[in-house]
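Following are the structures in question.
There are two complexes below, and they share subunit A, which is joined by subunit B in the first and by subunit C in the second.
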Partner chain A sequence: MKNIVMKTPFKQRLKMILAETVTQIANYAIILILSLLVGAMVIYLTGKDPIAAYQALWKGAFGNWYKVTDTLDRSTVLIFSGLAAAIAFRTSIFNLGLEGQLYIGAFAAALVGFTVKGLPTGLHVPLCLLAGALAGGIWSLPPIIFKLKWKVPVMVPTLMLNYIGILFTSYLIAFPFKDPTAPMAGSPVLEATARLPKLLRGHTLNIGFPLALAAVFLVYWFMFRTKLGYELRLVGYNPSFAASTGLPVKRSSFLAMMISGMLVGLGGSIVIMGFFGRFMGGFSVGYGWDGMMISLLAQNHPLGVLPASLFYAALANGALTMQSTTGVPQTVVVMVKGTIMFFVTVQIFSSAIRRRFQKWTSTSAE
Partner chain B sequence: MAEAIAVREITKCFPGVLANDKVSFSVETGEIRAIVGENGAGKTTLMNMLYGLYHPDGGQIFVKGEEVKIPNARAAIEMGIGMVHQHFKLVPSYTLGQNIVLGIEPKKGLLIDEDSLVKSVQEVSGKYGLAVDVNKVAADASVGEQQRAEIVKALYRGADILILDEPTAVLTDMETEELFVMLRGLANNGKTILFISHKLREVLAISDNTTVMRQGKVVGSVKTSESDSCKLAEMMVGRETIEGRMRKEDPEIGAVVLELKKVNVLNSRESLAVEDVDLELHSGEILGIAGVDGNGQEELTEAIMGLRPLVSGEILVNGVNIANRTNRQIRESGVAYIPSDRNRAGVAVEAHVWENLLAGEYYIPPYSGSINLHPRSIHSNACVLVERYQISTPGIKTQTGHLSGGNVQRLIVGRELGSDKAMVVVASQPTRGIDIAGTEAIRKILLEYADRGAGVLLISADLDEVLALSDRIVVLYEGKHKEAGPVVDGIRLQVGHLMTGGEGECPV
Partner chain C sequence: MDFDISRIITLSLFAATLRMTTPILFATLGGIFSSHTGIFHVGLEGLLDIAAFFAVVGSVKTGSPWGGLLYAIVACLVASLVFAFVHLELKANEIIVGLALNIFAGGLTNFLLVAMLDSTGFYQSPLIKGFSQVDVPVLKDIPVMNELLSGHFPLVYFSFLFVLIVYILLYRTPFGFHLRAVGEKTAAAEAVGINPKKIRYIGLMICGTLCGLGGTFLSLSYLNMFSEGISAGRGWVALAAINFGEMKPLRSLVACLIFGFADALALRLQQFGLPSQVVLMLPYASTLIVLIASAISREAKKNAAAKQTKIGGAAEAGA
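Right, the complex of A and B next:
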């Protein structure tokens, strides 16, 4: 029999991997530079100095050791919600309810944190995290059940449950669990045993960040190395194909949605248990929404979520410093983000770069 | 009577196919002309050229005696040509009246003049006896009403030549009767009607003349009253001895591996698509299911594969009833599936080649443990399959969408048959739209697989394919099965006769 499979020589395979890596890096570098240029133009037009503004931005994000750990801390919740979005989007489940799931999860964690007393930290913290994950997961279920039972697209119910979730938690802290001593609307303070242990004295960074790192690799392993993950991905690619090849389409959709809700619920819990110490109304500045953008930026790949989240966190922290020291409004950063998303979604550069590499990678085939 | 429409030596090429090859015929004013032929004979292509949707590569079109070029549908409408497509193109949320006048609404200032809308539509529909409830929303109208609205829509635009593409395919028997009365009335009023059909009984009932097409050519035009279903079937499928027979003469036929008993299945419109079908497939046998597309083939295969519920009946695989089990259970009982729509149900085009090759067995050793996938055995098996089924791909980590149709089909066949576990193969349109080398290869694989003792159910609208591969042929017509018998000389005509709705046997 004629051998059609090209046993790709090792050297060429290496070239292909290298080319793809360089392509991705170059792609994102070009996008970043272009977007920053657009931002710079706007800063310049408003009469401010773009270089000074960007310097302040950099200083705010990575200027000193404290800023670096602060940025890492801020990225923690973004990593969780980015992973939540990635796992759902990969399965073609358009979970737009991350924000609501985040609030519900965070509140459940807080509830366990301030009502359960007398546990050691080693038990109390995991219990709170578990409660947060479960609550986030459960809050995500009605839309997927509607979808599986009555073919209701998940987008609308997930979107609507955001408002219900956010307002419901606001109600809870305004009435049943109101703490009159809180400066703003908030729940009672968490027991000290429910606070996340700090990693460094005097820094905000806590064990949430290493947990997020672990989650990145866990989700990667789950999606690409396990049977369930394989099912999720194939269902995401083409549900009719999955169904006619015997894959459990309904189970996969259900699982993807639940894991998505659990991850973002966990993220919300960590913000409350690590940073605020009590549940606060409106504590999330769009972490759930950012998660979707981060996932998009990472092409729904769990490993890509990590750099994308760090980038988002750096922009958020840097923008604060930029605004306070140079007077350039934070909205410039929003614009830069928007430009980045635009270039990422239109995907014009990667194919152009890939074309350039094509000749190079195929040369050693003969 | 004067000539209404005529074509002379019309030719149309699509990449790799000669869809229309020097087609000529002419239709008189006030005539009902049936155009018949197998799937892919070029009927719809021809009609689309008359309506300006395609442009001929050569030849002439004459409308009312004058040679014309028809650049688009608008021009066709201006020449008085109207078309009713097989799938209606009404706006579901509009009323039938609004649909009829869409684009040429009577206006009062900037607003639509509802009164004169109703009046003008009723005028047209009354003139030809086509009752249409103007105020009914299209989504609530029955299929027959929608079709009537489509016809009125064409007439409203001044059509006097009407083209209908398989108008009866979606109608009930009652509605078909009504349609025929309407068509006859229109013809008596001087309208010219061309309609495409696969049902010779209807052709014989309504048309004045019949043009038969085969493989892009006109076989002939006959006066319908002087013909019969056997003669037309013969023109459609030919009566030559079977060419390119690939099946060996004395296969070893064993026990029954797949048995269908009184199987009934609904289609997506909730009407009966498969009716009381009985089938018996033996080990080592290739059973061809012939028939024009849309006669229940899709619903039947999906029911066997557990993708569509049975209303009633039994499906036995090696004696075990698998009716209404899950797809996975059915596969595990030894059924392999080659779906007709490759890219929808056969592969995930965005997934890698190895991921698609794995899909049938990813959940059992050696490809996975209780949780983890085992990449090493997955990849080595994928490489073996790629080599054995000669799937031409740069590697197993290539996106499947980059492969040609023939190679995608090899991939599917490799996945389904590569493990040698299946005792029953359900192959639906296995070579549709793929290149000659791929077609050859797929057919050889199916033949060899049957020789190793499996039963192959070959569902195909390609009569030549069914004749080349099958040991025995059953025809599906309007959801019912009709036994055509073992493949011997002369069966070609019989199959053609049965798949166009004929009963009994044709004189040889």
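Right, the complex of A and C next:
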């Protein structure tokens, strides 16, 4: 493989990279415009003004400095769950249990947050995050063990553990760890030392966001710059080929699943420690599921997860403002997201654009 | 809290089992069709959601549960057609399309709930006309049978009838033979003149119709309402039932009955003051256990078969 790349003339390689970059940018631009048009059509059909609605949406997401940091804060958990999905999907493991792993991780972090007392923030916060990551990781393991031991397909068990995990945490806050003073079903309030330090006074944005950025680059480095990550990608690309060439398929699957669970557990912990301050029943509005969509939108690439998460966060925050100021139901963005997903999965634009470039990249001499 | 087992395990528990089995059974039978054509249909859950929603809309619009059923089936057919087009024509991965269908179905029903019925989260209204129970002529006069088998909703009887119909369709008709051929050996089926794409389209449409029936049962029987996430994982449970039954309708029915029983038991135990959060885990835990048990037995069978051929081969070599 490497040889072939080396033999291609430099100029042609440059052309190929350029063509692919333009293809991807054009592809996403077309998809974005089309899906916004579909959204506009739906808004129009509900009898509202699409332009005013989109203006409100933009204002809600990026209207002022507070909105911008709010959107960044909202994107934090999405980045983590997007990365979790990306690493699992890249290894061809359909971990549909992100939502459950998120809840279990978040609860573990909260548990350490409200039971352990007297630690300085510098110790308490890392301890909570560690607990959240470990719990998320452990909760993700049974399905992969079932798969490796008895060949049970991963999808259904991960999904069942979603329900079981969410019910389990709601049991915990309804009985053993019930806080009667909580406005809704919730755990006791976290110690102040377990709260994530804010980045700016008066903003919701906390150190969770830079942690998420670090996670993006760490996962990228792991997947594309280490031997283990290379094995993961090979296993994902073709499991039977990887097995016949002697790659440790089992180890790779196990590792990918565990890292996936840990990442999303970390994301859940950050929402609790940064935003809510206590574990709340039903706190996740489908962050785990959004993570899967984000990963697919990013073509399961860790670096692509970042812009995709920001986009999702902007849509979510913008939709709230859109609903309150123009009366357009925030669920309209579902239509936008659905259209995007449709065109991302079918890949018709990128292949059409690529075909246009084919002649240009294949002529190397001129 | 008095824990008298005879008060929990009653005839009405078994009657409840039959009705809790119904939606899972419809989805399972639907999934069997797509599985036989070689398509692992992850989108059953989404189809149930869509059906449950449009059944309510149809019931309100037409004033009859049968109108609701019609709406639900049409909606599921449209969704299945999109699924089929994206997967078969545009060659997108079936699992990803299925996942997208599930997530999109959740969002779409949420959105339409606001846009069409002007409510958020759930919709309940006297305008929704649900099915009424039917008494079976002879059975209703036989002591035990009347409590167990009579007085169910029409779709309950349909679902069990459909097991038989699906069995005959799959194993006793040329169409069923073609369907199974496409799933098992696509190239061979093509070589004898079967059009795999056409068969897959038909399979997915039948699957959609059956999910339409299942979703309608969810929203138009007992509680006449639609709520967010009404399918509650039943589409996935159906996939487990198909896995257990190895795509055979009768074997899958056994799994569906187990899951239906777990559902009914969970409902019953809640009335005995057990924490609902724990009791509601029961159906999902039972699904996990059934999946693992069937996988273990399958592995054991395979190992035994491998041993047999090894011994046979050794004996042959010895001779």
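The criterion applied here is as follows: the second predicted complex is superposed on the first by the 358 of 366 C-alpha atoms of A that agree within 3 Å, B and C clash if a C-alpha of one lies under 4 Å from a C-alpha of the other, contacts with A are read in each partner's own complex, and residues count from 1 in each chain.
Rule of thumb we're sticking to: a contact is a pair of C-beta atoms (placed from the backbone, for glycine too) under 8 Å apart; a residue touches a chain by one contact, two chains touch by 3 or more.
Values in this document were obtained by computation on a predicted structure and should not be read as measured data.
Asker: Which partner does A:Leu247 reach: the first (subunit B), the second (subunit C), both, or neither?
Answerer: first
Asker: Of subunit B and subunit C, which one touches more residues of subunit A?
Answerer: Tallying touched residues of subunit A, the top partner is C.
Asker: Could you tell me if A:Thr115 is touching subunit B, subunit C, both of them or neither one (first, second, both, neither)?
Answerer: Neither partner.
Asker: Classify the contacts of A:Ala174 with the two partner chains as first (subunit B alone), second (subunit C alone), both, or neither.
Answerer: second
Asker: Which of the two partners, first being subunit B and second being subunit C, lies in contact with A:Gln358: first, second, both, or neither?
Answerer: In the superposed model, A:Gln358 contacts neither subunit B nor subunit C.
Asker: Determine, under the contact definition given at the top, whether A:Ser324 touches first (subunit B), second (subunit C), both, or neither.
Answerer: In the superposition, A:Ser324 touches no partner, neither subunit B nor subunit C.
Asker: With the two complexes superposed on chain A, say which partner A:Lys151 touches: subunit B (first), subunit C (second), both, or neither.
Answerer: Only subunit C; A:Lys151 stays clear of subunit B.
Asker: Residues of subunit B touching subunit A in their complex?
Answerer: 305, 307, 326-328, 331, 337, 339, 344-351, 355, 358-360, 362-363, 368, 371-373, 375, 383, 386-388, 390-395
Asker: What does subunit C use to touch subunit A in their complex?
Answerer: By the definition above, subunit C touches subunit A via 42, 86, 90, 92-93, 95-97, 99-100, 103-104, 106-108, 110-111, 114-115, 232-233, 236, 239-240, 243, 275, 277-278, 280-281, 284-285, 287-288, 291-292, 295-296, 298-299.
Asker: Looking at the complex, which residues from subunit A come into contact with subunit B?
Answerer: Where subunit A meets subunit B, its residues are 1-6, 8, 225-228, 230, 233-234, 237-238, 240-248.
Asker: Show me the residue ranges of subunit A that touch subunit C in the complex, using the header's touch definition.
Answerer: 46, 94, 96, 146, 150-153, 155-157, 159-161, 163-164, 167-168, 170-171, 174-175, 286, 289, 292-293, 296, 329, 331-332, 334-335, 337-338, 341-342, 345-348
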